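As structure tokens, here come the structures.
The same subunit A turns up in both complexes below, where it pairs with subunit B and then with subunit C.
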Partner chain A sequence: MATQLPPGLQLEKLDERIMTLNVGPQHPGSGHMRLIIKVDGDYIVSCDPDPGYVHRGEEKMAEYRNYIQNIPHLERPVIHDSCNILYPYCLGVEELLGLEVPERAQYLRVIASELNRCVYIQYWLAIYGIFLGHSTMFMWPAGDRELLIDLLEKITGARVTHAYFVPGGIRNDVPANFEDMCLKRVNYFEKRIKEYAAIFYDNPILISRTRGAGVLSREDAIRLGTTGSTLRASGVDFDLRKKEPYDAYGELDVHSDVLKDGDSYARSKIPWLDMFESCNIIRQALQKMPKSGSVRVKLKPNPKGGNDEVYKRVESGRGSLGCYIVSRSKPEPYRVKLSVGSFRNLICMPYLLKGEKLGNMPAVYWSLNYWPVEADR
Partner chain B sequence: MSAIAPKFRLSYFIKSILDNVFWIVILFTLVGIPVLMVSMFYFPLPVMNEKLTSPYLMLTTLADPSRQIPLLKSVIHSDFFRITAFPGFGFAALLAAATIFIERKMLAKLQLRVGPFYCGKVEGILQLMADGLKLISKEIIIPAKADKPIFWAAPVLFVATAAAFVSLIPVAGGGWVVADIDVGLLAVFAVIGFFPIITVLSAWSANSKYPFIGGIRALHQMISFEIPLILSVLGIVILTGSLNLTEIVQSQIHYWWIVFLPIGAIVFFIAILAELERIPFDLPEAESEIVAGWLTEFSGMMYGLVQLGSYVKLYAFAALFVVLFLGGWNGPMVWPPFPEEIIKDGITMGPITVHLAGLPLLDQQMINDVLWFVIKTMGVIFVILLPRGVFPRIRIDLLLHIGWYKLIGLSFVNIFIALGLLYAGVLGPGGIL
Partner chain C sequence: MSQPESPETKPVATAQPQKELPQFEKSIADKLESKFSSRVAIEFVKPTRIRVKVKKEDVLEVARFIRDELHFDHAESVTGVDYPDQKEIEVVYHLGSYTDPELSKQVLALATSAPREENPNPGNDSTRLPSLRDIFYSVEFHERECFEMLGVYFENHPDNRRLLLPEDWADLPPMRKDFKIKGR
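And now, the complex of A and B:
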């Protein structure tokens, strides 16, 4: 097997029928990683994912900056989902410092987080479309994503790297007439994503290709520790917004969809259904949100945590995203550890790709809802 | 974003143009004309106005342009013009260029984009030229382990085969075809048979993994779709009683074969999508799986040549569809007739009278034929391009399943329909229609 030799050098030693393909990191269908795939004819014999090309040491960097300085760089692993990746960090720091978040800020956090989830899923969906050779499905989500990006820019001042959540609330309040603007855009966005069914999800060629590709059973999904859309596509109803409500999610009605098939098609459909759910949550939150009030607790400069440790997790676009912070009574955290959904979904890739056809590789790979940069951190 | 250089001055621009004109004039008079005159003594010149042209006589065409008309006539009727310009490769390449532009703009509109926009000011009409210049200026990189002669030859062979295919397509009545042979349809399939060979040769000679997989995929795909492609036109051959493409077109003066053989037309259309490696059948170039398939190792103008060849091939297949199923150039006369007195008496400009009689460009029937042919061909090309915006890529096992099980069965059904029409005495030789 692949363990005796360094990766990429086993070709000569193996059976002549088997060809090793280095898919990535310069392959158009790999992302920032490498898949060492061995094929026998058109069938994949083994797959060895090799992440780590974009490791930036975000966790180590966090040990040299104080709790506020950590905000802009901790969101870098997934800039498309930057609100959600900061969410557990902010929740954790709030618990460490004993901060109470104002109610309006909680609702605005929910709205920003759901908007950001939609932005992330649209980007993910665009790449899923082009991986299957569907160029229209690449352009449409990438274009419709701009609606929400513009909205987030109006709220936070930045298009993708928002740095909007801070310990103790949010950075700044929303502009005037935000409710109307948000409602209008979200309604239009929902109308747009409904059209994806006709061109993509009901497409007979897509269904014939992705139905039954890379089936992950319910037991395997739990055993391998997958999360998010991969887990819910295998029939496990697990959504942290419902199971462990944080911030204002406890007062909102959250329905996350579950499919039973566990194949590539179901895994690709769950995020799309999630976007409708996000629109519902945003509309609910806009109704229940207090119309005025403070959005941020005043912090001391250079706040210090106690001798304590805390673990918080939220539901991100790729599943549960946890942040473990250890504090040793200093302005800087002693240790910050991100437990990301991407890496946990990556683990099942070798199991799913074994015995699959080479043509199914992109369909299975990207349906896992795995973001290489986030997995490397 | 700005297309104008930051230090742009109109005076500099005009000055640079004048500089260029100056040097062109100097070089042309001092070098070009002497070289032209000297070389004319070594080449045989055509007969003009029933006397042999001489270099001195050629010079007089500068003073009297009407003397160029007989020369033009002899050029238009020469084989060289037919092969290179019309109805051969030049015409096909022009339509292929139009196809690329239409494809980009149409796909962009479908995907809510603008498409090429800046190049050439008007809707990016010169984008193709810019891309071509870019490809020409790029370095050609050959893989170290490649089998170099075959690798070099593959793009050229691909274009040459596509051009050979074009030469068999009749464009208008009255013999406007490069090679009018009795077994035209058979020759078409003989030429098509070269494409998988060239693809596999180029893929194998690159000595690289992704091209190899792409080449094998292309081989599987082309061979399994050639059979339904050939079987689906058998019905037309049965009903027409001829393999000559011109005769097949002439047999459709009253009705098109697509009316009687719609199943054959559908099978043929799907098979040409697969032969052309267009979405949803673009597996040999599947980007997310095997980089660019058998085109992976091509760089610079080698890649450009393969692209040119594949678009010329696209035109040729669309034209073949028109010839076989849509009645070729047949259509109502819509082109206005040329004023007769000009044809008879010529145009008088001052002391010179230009006699235009005999130029095929004034032939009303021929221009009408070409117009209908181009309109139909562009329509078919449009339908071939459309799936690219709508469908994802299909998988190889599903593709082969479609080819071997469904399309071959359907094409046999089509043959039985044709035989039924023939034996019922409806169509074919001696039929009532």
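And now, the complex of A and C:
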């Protein structure tokens, strides 16, 4: 009987010592996903990630809507990083339609996506804090995040779901006093995040919980095809803002940090260091940005893409984010595929958690900078 | 709040089509062509992007050559595209490199195709491809997704289970073109 069941439903025989734990999907510490963990005493024998609880078929929906209608729903997988998840899609459509983005729009895109990266990282950091039982680290980032959310609301009109990027530029120009307002907030924000070192990153309790937990070597990080902070924490210097600059990043000075340890501490520190870099990039962009000019080229109604395909990628808060668009001379794309950092880092979970103590599971799991909704799409 | 400027209403700007093929990308494509001659079809060479199409019998050999000789070391994404008119399902591997700094900009698309059946029975029909998991370890979860979404069974994949879909999904693989969204 068991052999006739479809794949995934087979019954398995287990040793009596081994206990199976379902972490999630309702567990507050798993996000909208399930980890099927087998433990022998206190040690994890195997971990089988089971995503899909928030699978919304974004890629299928994209085949039924035209290039403009796709904008608002494609950002739903990561609403906290909504500018960055739309970025590769917009770059791809621009290449398909042969659009050139005005210079001012390129800089505003960079600013918006860096602000968004900070907003995302703060949210991620808040959850990492509460995962490790550090409630102050939940409150501080969640509160400081509001600074930038308010700023983004002034630019885009929405607090989280911005739908700000459109093929050919951005939806609207920024308010008149934007430069001063942005600079003031970014400077204050940078001052605030510096204080996280004393309470969180230099905290001996955090260090003892995360140092040496879930070590990913450089070779394995490359072999498993990880990306973003997971990759850079293992000593691989790969940041698309530097390696394959898109839009105005080519004219800006980007230094992304690399750590060599590859453990949970390094993985949790990289996003924090990234926020300082984002502040630097925003200040540079504000200086170099043309003070006036158009921010969008007008599109024909219902634009069509020719028989072509593009693969564009950007560096999001969770690593490289690729968008593959196949066009078949129709107003709707023939196929849209989002290759997201969370899904690519999913493969680390069974690999890193094997042999760890169960108590280390949250520290390792969330340090992968994994966003369950994005992985499911 | 001040009113933002209305977008400029000039005609659509068109980028100049590039006439000359980029040299570095061309050299990668030439290496593939000189090794496999007619067994690989170089479909396009654009700046930082190359696309290669191979038959499914050759995909393992070509992938091994791409890894060992051309130094692409990981897969960024694996996409299945359904073409009902040509009765085939195309699977595209986008490969990148972390180890070779020269290749950090490059993405090589390796495409292959499997026959498509009208009444699919995932795992038990002719829609099969060899798995690249032994060559690029990073395709493991991507190929699982492709299996459930398009019904392409990857032979020698260690773990051909459902990933995102519910365990009791009994409809067509949802990324096939004949699976329609209701109301659209």
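Note that in this section the second predicted complex is superposed on the first by the 365 of 377 C-alpha atoms of A that agree within 3 Å, B and C clash if a C-alpha of one lies under 4 Å from a C-alpha of the other, contacts with A are read in each partner's own complex, and residues count from 1 in each chain.
Just so we're on the same page, a residue touches a chain if its C-beta (ideal position, glycine included) is under 8 Å from a C-beta of that chain, and two chains touch if they have at least 3 such contacts.
Everything quoted here is computed from the prediction, not taken from an experiment.
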{"item": "First (subunit B), second (subunit C), both or neither touched by A:Val215", "value": "neither"}
{"item": "Which of subunit B and subunit C A:Gly322 touches, first, second, both or neither", "value": "second"}
{"item": "First (subunit B), second (subunit C), both or neither touched by A:Met139", "value": "first"}
{"item": "Dominant toucher of subunit A (residue count), subunit B or subunit C", "value": "C"}
{"item": "First, second, both or neither for A:Ile18, with subunit B first and subunit C second", "value": "neither"}
{"item": "First (subunit B), second (subunit C), both or neither touched by A:Ile347", "value": "second"}
{"item": "Touching partner for A:Asp42 - first (subunit B), second (subunit C), both, neither", "value": "first"}
{"item": "Shared subunit A contacts, counted only where both subunit B and subunit C touch the same residue", "value": "none"}
{"item": "Of subunit C, residues touching subunit A in the complex", "value": "1-2, 4-5, 7-15, 48-49, 51, 73-77, 79, 81-82, 92, 94, 98-99, 104-105, 107, 109, 123, 136-142, 145, 160-167, 174-175, 179, 181, 184"}
{"item": "Subunit A to subunit C touching residues, read off their complex", "value": "6-9, 50-52, 55, 57, 59-61, 64, 95, 97-100, 102, 154, 169, 172-176, 222-225, 231, 236, 238, 243-244, 294-300, 309-311, 313, 320, 322, 324, 326, 334-335, 337, 339, 343-344, 346-347, 376"}
{"item": "Subunit B residues touching subunit A - in the complex, by the definition given at the top", "value": "107, 110-113, 209-210, 213, 279-280, 282-283, 286-291, 388-398"}
{"item": "Residues of subunit A defined as touching subunit B within the complex", "value": "19, 21, 27-29, 42, 129-140, 143, 199-200, 203, 205-206, 208-209, 357-362"}
